[in-house]
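Two complexes follow with chain A in common, the first pairing it with chain B and the second with chain C.
Our next item is the complex of A and B:
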């Protein structure tokens, strides 16, 4: 019996080892690479058939034959940033040494050459052999299987940036990109970010307010910091995300393209914690604005996401930081008219974050007082979901409605001193602390002429917009 | 077609073959076969003849040999991996990626190494279990059993040090959990009893600092663990393996009762060697198929600023991590493993019975087998609890429950002997209470001189605890489900902690009896505390701050 086992096991061992070696020697990239060489050779031979001069045609055929017989290998680019990108192993057309023109007629990936984007030849402006691929596209450059390389896998947190999202990578090196060609989308995102007052709560590298997290390195956010439970509640186009789409890009996008309260639910009724915790303080950007339009469209949300994905603390050597084209924005423009200046100040400090565009619509402040809330007696009889809905009716003041009750000096005082977190009146006294509050702006640099002109402007909107909705 | 037997003879008797393997022309006599073992440096580690019983598969299961074979596989695959690996944060992770994606057979090699390491831990534990159940630790093998226990400890340490090397999140945080326990060592750790107060231990001079080469897991830790993993521990392990094998051979190989008359023996060559070969081949086959089917895990690159939730130790230490839920770190992370190691080494010296050597026999050694199996089963149950029943925030999730399920925060815990009563004078009353309870359990079995009927006594205990549960139900409104816990654990602990020792070891001499009973009482205390926490949400039974003793 042992003799038989001896033979059997030895054969099995050799067979398994042979299989392991065979599998190691037959990765998918070899198929792609060989297919590319054959396709390129076919194209070359076709071209040779059209050439009249027989010597030149023969030479071209020879070249095609060489291409067909090119030995297969893992190609890698050691980038100037210290990365290793093996993307050209499959995307052979982007390897300068194989395809010096960097052009071909193939449309199918991974065989197609790099397209011109907005007429820009990227290999000329960003030589691939120098910069590699992942510095713009993200993904896992070291990987040699399509799934792992594209990065939608558990052990990689920076998967491919697709479509216009790739402009996020442009903005990491190109400063002042508002006027740069091909960066319109990220520029739009930046513009919307400031217009809608995001900096009123989120500072970027310390510039802006600190009501909540600084977004200066939001593109580096480790996914460990996001509760899987919250990810499971995210809905994009009404659908839950499959696990491989639990990416930072979708997390940020969901914050702008859907109501953040629907997935950062926290614990407002203290079911899981000793103290109630309000849902995220972030407002619903998909709600209608004062004129009945959706405040931010999906496109806008994608643009803002793109801008946020450009905010990284990854070290990029100074020589690769590029100043932009066109005029630098004036950090402190001069206004002759105090009213116009006041409006500028309102936008500069991100007041729209809480009070709405031009102060016309107070935004949600969970468990603060708001219009249409039922009395607490009735509240006690509601279901859990209804209770949360009642608390969610809490609103920040709509300035167009309330400034009329202030005079100039009172406004100045109110803005200077703010309303501390603990002094915000709660609708349900047993509910969570409302997440938003009025900072003491004198501590945050809003003073002097800016403050004065802001109050002047605010008094003008109260007179003209008395009838607008809100609280 | 040439005759294979003829050909074999020609080869074996050729000058080249005979120059390598000592001896004259091979005629397959017993003398030739013995010479084959004696005259070969590798074979000579085994005797020329072995008992027939030792060759039975169902006796040794080949576990010792498989452990050693796995060690050889690990050395070989480890050396090959070292060619590609640099122990520097960043580079280390990158080298693992290279192995996975660019090195020929690199992924396979890493998988084999990883799975062989996991298998070795398991097989070494099973080998210990086999040696215990066949009584093979008894005279004259006491010392070799102790060497074996050290080898087991080193195997765990070797696996643990290797855990850090890929430098991913899994590695960083598992090692953080593991080494934080070292910081709780009494006297030597800054967070341990008397560490800060008496020994002036701080974050930057205690034993954890020595292990990490810093105050957190970092570049120095990686180099330290690399050197420990690739050089220091394997060397020590190798030295002790030689010692272990030498004693195995000198103490009469396997299945030899002490001083018994000689049994019929068979030639080692080929009877044992062919079995060893088959065991090794089967083991390698399983490993290779395993390595082809399942990839070794690799998480995202280590990030000291982002803690995964939950963070878990390697599976073989998850049982100890589970203990952290019930005990202070210096007890869970330091005392429990040390008592286990010392207790294991004490076994041959507290068990003087010459019965049941060289065979599986529950009847001849009921007490030893019961207690040892209880310990092993507990160890694996705790691993199961920690690995499969703990979810985010280390809260209890049944294996079939999704971790996405929101769970209420645990209720506030309470202390059984709180600030009133005993808690008022914790040092005097608390120590007296613990001392009384502990010595009561330790002494009780020896003080009951009568022969008790096990069934009747167990039933009696069950009835007694049921009465307690009923009194609590109607006197103090303790729910019946809690009463069921009291009945079950009370009876369980009375059975294993009092009745079984009373029946089997009360005749032992005092020294052996006390050591045995202290180990038994510690095990039972562990169960009492776990029951108190899981069923009654009791954080501590007694707290004695003056000696840092909270149990």
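Our next item is the complex of A and C:
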């Protein structure tokens, strides 16, 4: 009996070994490569049939036959950035030694040639044999299976960028991206980033405010620093993300295209920590602005994500760096009118981050005081979820409502001195410290004429005090 | 025997340590149990101004000289104050002084507005109308011409005179989340503060007011030297 079992196991072992050898000898890249050669040969033969010169047609058929019999091999490009890209092993049409015209009529991947994007032939501007693929598309260049190569696997930080997100890679080298053709989407992302006041809380390489993290190297953020629990709470279009989509791109996108408080929940009721911790202080960009419209659409969120994915500290060899302004704001334009200048200053320093576009709607500030909060006696009787909802009603001031109660000098003083973290009054005294506060702007470079003109502009947007009480 | 004492000492030490911990917890728990308004008040006290050191009520002689309408409902207001209730209902005809005492002390003591250096020069007619604004500006000019000392830099801690200063401040406080003052009450409080400023701080009472304010500033300087320096630097004394 044991002998029979031993023999049986031996056969099974040999069978497994044989399967492993067979599988290793027949990887998918070989199937793709052979299919491509056959498709290209078929197309060539079809073309040969239309040629009237029999000699030329015969030669073309001969070439097609050669193509059909091309030996299969791993192809790789040693890029000028030091990478090794084997993408052309499957994407054979991008190999200029096989497909010198770099064009074909195939539409299906991995057989299609590289498309023109906005009329630009990328092989001419970024020769693939020199630049490789991953410098623009990201992914895992060394891998030889589709899943690994596209990088949607564990421990690969930079999976494939698709569609307009690829423009993030453009902006890493092309610091002039705001004025370059084909980079309009990433340029839009930068414009929206500054218009909506993101720099009011986030600096980029030290330029901007330090209320929260500097985003100068956000594209390099290791995924290990994002809690799987938080990722599991992310919903895009109402759906949870499969684990292979727990990417930095989706993490950033979710922050702008959904309410970040829903997945960076932290511990506001101190269930797991000795002290309560407020959820993220980040704005809910899906909420309506003062005019009743969703402040940032999904397309806007994608553009901002693209811009943020361009922010890396990876070293680009200087000879491939195209000079320009880069991720920083443009130099200040000149304004003759102090009111117009003040409005510009409001946007420049990201005041909209807390006070809304043009100061028209104060943002959420968890556990700060806000309109509509129930009394603390009532609060004590609420469920945990209701308590969190009450604390989430905390608001930053809506400037259009309050600036009319200041005069010019008072505004200047207020902005200069700010409201420190500890001075922001809490709705629930046992709750967490509200995440947003007003920096002392005199220490952050906002002074002199900029400050003066900002106060001048603010006084033009304030509602009349008459609307409250008629005095 | 010596060992017994050692262990007894150790046990006592542990008991004392636990006792201290419990005490600290009780103190912090009582601090944590405070309402938002109480914390706001604490915050106001932690950032004091010279006016906070002054009296929290008008004296009897002043009250007698002022129109009675400001003091309607004062006893009801005092009852609420005694219960530390700043949001409770008051009769519709409650006067500005009574309202000021109850509502303003939600976040700070009534001494802050009563001893404030703010003086608002009122206009004539309906507040907020162009005629009112123009007449208030004219009255300001007149006051400045007649009493330049009110506007002198060396007296900036005694008088700060503007044509809308109380209107702005009352509205600012009304806009703070949780402020119990509505538009109707705010107007009455404003009317009282404007009247009080014009009758107690300038004119016949100006000399006494100046002495009172200077005394408060001196006391403040002695009591809160650091805060005094900060406010002096910020030109906010």
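Everything that follows uses one rule, which is that the second predicted complex is superposed on the first by the 434 of 471 C-alpha atoms of A that agree within 3 Å, B and C clash if a C-alpha of one lies under 4 Å from a C-alpha of the other, contacts with A are read in each partner's own complex, and residues count from 1 in each chain.
In this text, a contact is a pair of C-beta atoms (placed from the backbone, for glycine too) under 8 Å apart; a residue touches a chain by one contact, two chains touch by 3 or more.
As the structure is a computational prediction, the values presented were derived from the model and not from experiment.
In the superposition on chain A, A:91 contacts neither chain B nor chain C. In the superposition on chain A, contact is made by A:19 with chain B only, not with chain C.
By the touch criterion defined above, A:373 reaches chain C but does not reach chain B. Contacts of A:75 after superposition on the shared chain: neither chain B nor chain C is touched. Contact with neither chain B nor chain C is seen for A:361 once the two complexes are overlaid on the shared chain. In the superposition on chain A, A:402 contacts chain C only, with no contact to chain B.
Ranking chain B and chain C by residues of chain A touched puts B first.
Applying the stated contact rule after C-alpha superposition, one finds that A:225 touches chain B and leaves chain C untouched. In the superposed pair of complexes, A:143 makes contact with chain B only, with no contact to chain C. Touching chain A in their complex are the following residues of chain B: 94, 97-98, 100-102, 104-105, 107-108, 168-169, 274-275, 277-278, 281-282, 284-285, 288-289, 291-292, 298-300, 303, 305-309, 392, 403-404, 406-409.
On chain C, the positions that touch chain A within their shared complex are 32-36, 38-40, 43, 47, 127-128, 162, 164-165, 167-172, 174-178, 182-184, 186-187, 190-191, 234, 236. Contact residues on chain A toward chain B in their complex (touch as defined above): 2, 5-6, 9-10, 12-13, 16-17, 19-21, 23-25, 74, 76, 84, 86, 140, 142-145, 148, 154-157, 222, 224-225, 228-229, 232, 271-274. Within the complex formed with chain C, the chain A residues making contact are 368-371, 373, 376, 394-395, 397, 401-402, 404-407, 413, 417, 423, 425-430, 464-466, 468-471.
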